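Consider the two complexes below, in which subunit A is the common component and subunit B and subunit C are the respective partners.
Showing the complex of A and B:
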């Protein structure tokens, strides 16, 4: 039993990486994850990653923001301390619009981004879980768990055929902890 | 799939031979990973002197009160609000580039959005200093918030445009900051993975543990798109609300319904001019000619031309409506602007904002770097005068001729304004040193589709309509970063 934990196929071109994924999938090699320095369009469909639901979260936060500020303005201006300003109505909705609009945006932005950070486990000080240091520079990396049934040599051969410039057999999952 | 080539007739967004992903990282991070050069130190020295002057003058104001400014009973707003509106307007270009151009799928935004967004944030910081400065008692700034208080919970006045401004500017600043920082995460991770020691630790904390996995990128793109979608109406609302400060008053010259669109157009106009002022220098000093190309410069000049013309039409419309309204106070306010004691401010505004930008109709001017740079500065001067004209010229001749006065700035007024420019440049120069000035991840996206080399490959492949090829080659002539000799033989 080798001590390899993860096999990394490092590509220098996103199109070759996509070929690599096709090859691995044809041979039923499960892919752990893919790391890239830029988004690769179309990869989510290939890997079966479901569409993000952050848009729904954003919508809910927006509704919350609108409700909160509208309630505050209503409470202060109409309910708690109505003022007679030239006999004009207290509940002047047009004047509420700018506040409601701004806080809709504010809550949408912060709510959605914080949800994104929470769901993706991003926060200041989190130890970066990086498998290959060049994956944020110029390498497109397919990570394959070495615990699977496929012989390591076969995986290596498949990756090489697909055009990987480097294949790593890492004994540690993450290199960035050192 | 991941990449398919773009039509040949579109100009390349990245120039240079054999640009690789690694080269982009290296070139963009050069100023971040190395000691600054002399040009940076000279710039930083001058800027920080300005910032020091700002600190001195604003402290002087806080200590002695705003009586130290040139304001008087008639002219209650002058350089402070002029500076505020000027800076907020400048900030608008960053959001426009990052949000509106993203929604329109304008890929040329990719290499300029980062520095433009940084500019937005620093400009809004400068604008905020004027808000606090003009309050007189800045330690009571929290009175603008709807907090329960000892006066029997007498709440803030929600009917006031100034209150709307508090909400608009604070939302704009914080949402811009979030947008900018989220976009920075992948690039900070790139710095982190190349750094060692303490630098690595710092950038590691700042990177939030970014790994670049599929799901992270997918969500990142969703977040960027939605943030762009909400920032677009936000940026339009902010300057609209700034214009409410004037438009909802009963002051002749201010009380006009054209103000919101006219302010927004002016904001984009001045913002793009400031982006141009900064980036023309940055691309040269940091050697980013291959990423911020002549196409980018020309596109921005076209936007300056368009928005400048909108502003021009707005000035003329304002004048026409003043006459057409039949209101003699309104008519007087406008005649006084053009021919009164501040005629020079009005005509400076007209010249700088309406007349000189029309030079951009000429392609030669649009693609000439020194010319574009000078014109961008002229636009900035013109836009400062626009706000000065609107504010001071409308106020200085009151309804009562007995209270007619002139406004003269004191050294404190001038010091705060000039100093705030120093403050802005200090922040911008520090940004260039510690964070990548070009969004690397986004530029890398263009390498296989919209770069000169990918188009060269397409040309060499030979399956291109010869007319299109000729058109494309002709479009390359304006670039200062393209080696034309390699296209001669083909």
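Showing the complex of A and C:
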């Protein structure tokens, strides 16, 4: 029993990588993930990546921001300590629009960044982990979980045929930048 | 992915049902106008206000076409090339729209009726009575008005009409240049015409940005000449732009559903939807900025404008304006999938087009007509007839302009391939 956990096919050209994906898919080899130092057009559709749900998170954070500031200002300026400012009513909705608007945007922006950090395991101060260090530099990497049924040699052969410049059989999933 | 399955040489043919309906609509409009003119003083006033509203709207939509062309050239945008013919058609119609607006304004200034101004009888014009009534700037006249006299350097008939002729003439000329360059490009290819378009677009945007507020101050804000708002120009620019985008999108969708523009894909629709969504919010932002500062400062000479719009005849329309132009597009176009759905976009565009009619209605009517009830069926029928007339005229002219292009896509535009491959996640 091999101790290989992941097989990585490293390409030096995004077009060859796309061919490699086609080849693997034709041979029913499930692809774990693909890493690239730059965006590759149309790769999400090809890999069947699910549509991002970041928009829903953004909407929720926006609603939260609006609610939070509305409540704070309502409590402080209307309920707890009403003041006469320019003879306006204490609970005048037009006054509430600017800061509610701003906090909606603020919470949406921060919330999206936090969601992104959470989803990608990136936090300030944490050394990021990747499956191959050169995938952030000049290599395009297809990762295949080695626990599939296809013999590893067949996968290696497929990747080689597709034009991979290097094929790795990794025993650990990640390498760290530390 | 082959992009050459589309026939780029296909011309748009304007015939059949579309032509009939637009001609019928024009007839309805003419009937509406005539009915107004035999409807006595009140009817004539309502006709003039509606004519001004619709011709101003018409010019706004066409000017937005030139504006769209110009900022797409300056941003070197590729995605929009696929449907650039539609704003080009709007740019072609701008000249006619400008002439119609001018005729309405001149007729409104020349045709006068007797009104009571602070208990004194005076012959006031149907449009711009607040500053164009004779005697307002004459110290010896019993109608003398010091505030209007202070503004008379801008608000006098020769300068006023001159400004509108010069500005709309300039915009029309820039629009014509951009269309001509594109037509030349189709025959010659190369970068020469594109570079010229880029340059002329940059000049146009500079001129347009500074002068459009002046045009809006003159054509609409001066209806209530004692009042002023420095936001008004941007507010009108936002309204013209977003309603222009909605019209462009609506034409595109209807033509696509009738078999034209087969190369326009979901990504084009999504980007167009983003612009409509974003500029609906921008419109709201400017609308609110104008309202909020006036409400907060509470200076009588400023609040008079909103006071009038909060009287029972207008209050519901005032708030409906926000619902149609902000709440509706906000929720209809928020998600990606919504912008990609042709029917959803169509619905949003129709709501925005109606909404901005109401928006202009709220700018023009309170200062020009004496409205007694919130809803008057005769008045409303006339409003709608004139709206239908202008919608028909607009459709007729724009689609005729569109049918004059040799192809429905600028074939040799340098970014045409980029646009055909436009794809966003």
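Following the convention adopted for this analysis, the second predicted complex is superposed on the first by the 160 of 178 C-alpha atoms of A that agree within 3 Å, B and C clash if a C-alpha of one lies under 4 Å from a C-alpha of the other, contacts with A are read in each partner's own complex, and residues count from 1 in each chain.
Simple rule for what comes next: a residue touches a chain if its C-beta (ideal position, glycine included) is under 8 Å from a C-beta of that chain, and two chains touch if they have at least 3 such contacts.
Note that the structure is predicted; figures quoted are calculated from it, not measured.
Asks: Where does A:86 make contact in the superposed view: on subunit B (first), on subunit C (second), on both, or on neither?
Replies: Second partner only.
Asks: Check whether A:136 is in contact with subunit B, with subunit C, with both or with neither, and answer first, second, both or neither.
Replies: first
Asks: Pick one for A:103: touches subunit B only (first), subunit C only (second), both, or neither.
Replies: First partner only, subunit B.
Asks: Go through the superposed model and pick first if A:119 touches only subunit B, second if only subunit C, both, or neither.
Replies: first
Asks: Mind telling me which of the two, subunit B or subunit C, contacts the most residues of subunit A?
Replies: Counting contacted residues of subunit A, the larger count belongs to B.
Asks: Quick check for you: in the superposed arrangement, does A:35 touch first (subunit B), second (subunit C), both or neither?
Replies: It touches subunit B, and subunit C stays clear.
Asks: Once the shared chain is lined up, is A:44 touching subunit B (first), subunit C (second), both, or neither of them?
Replies: In the superposition, A:44 touches subunit B and subunit C alike.
Asks: Touching A:70, do we find subunit B (first), subunit C (second), both, or neither?
Replies: neither
Asks: Just which bits of subunit A does subunit B share with subunit C as contact spots?
Replies: Common to the two interfaces on subunit A: residues 41-42, 44, 52, 55, 95, 98.
Asks: Under the touch definition given earlier, write down the residues of subunit C that touch subunit A in their complex.
Replies: Touch residues, subunit C against subunit A: 288, 291-292, 295-296, 298, 334-336, 423, 425.
Asks: Report the residues of subunit A in contact with subunit C in the complex, numbered from low to high.
Replies: 41-42, 44, 51-52, 55, 59, 86-88, 94-95, 97-98
Asks: With touch defined as at the start, can you tell me which subunit A residues reach subunit B in the complex?
Replies: Contacts found on subunit A: 12-15, 17-18, 33-44, 47, 49, 52, 54-55, 58, 62, 72-73, 76-77, 80-81, 85, 92, 95-96, 98-99, 101-103, 105-106, 108-110, 112-113, 116-117, 119-130, 133-138, 176.
Asks: Which stretch or stretches of subunit B touch subunit A in the complex?
Replies: Listed in rising order, the residues are 1-3, 20-22, 25, 146, 152-156, 158-159, 163-164, 167-168, 171, 174-175, 178-179, 182, 185-186, 189-190, 192-194, 204-223, 226-227, 230-231, 233-234, 237, 241, 244, 440-442, 444-445, 448.
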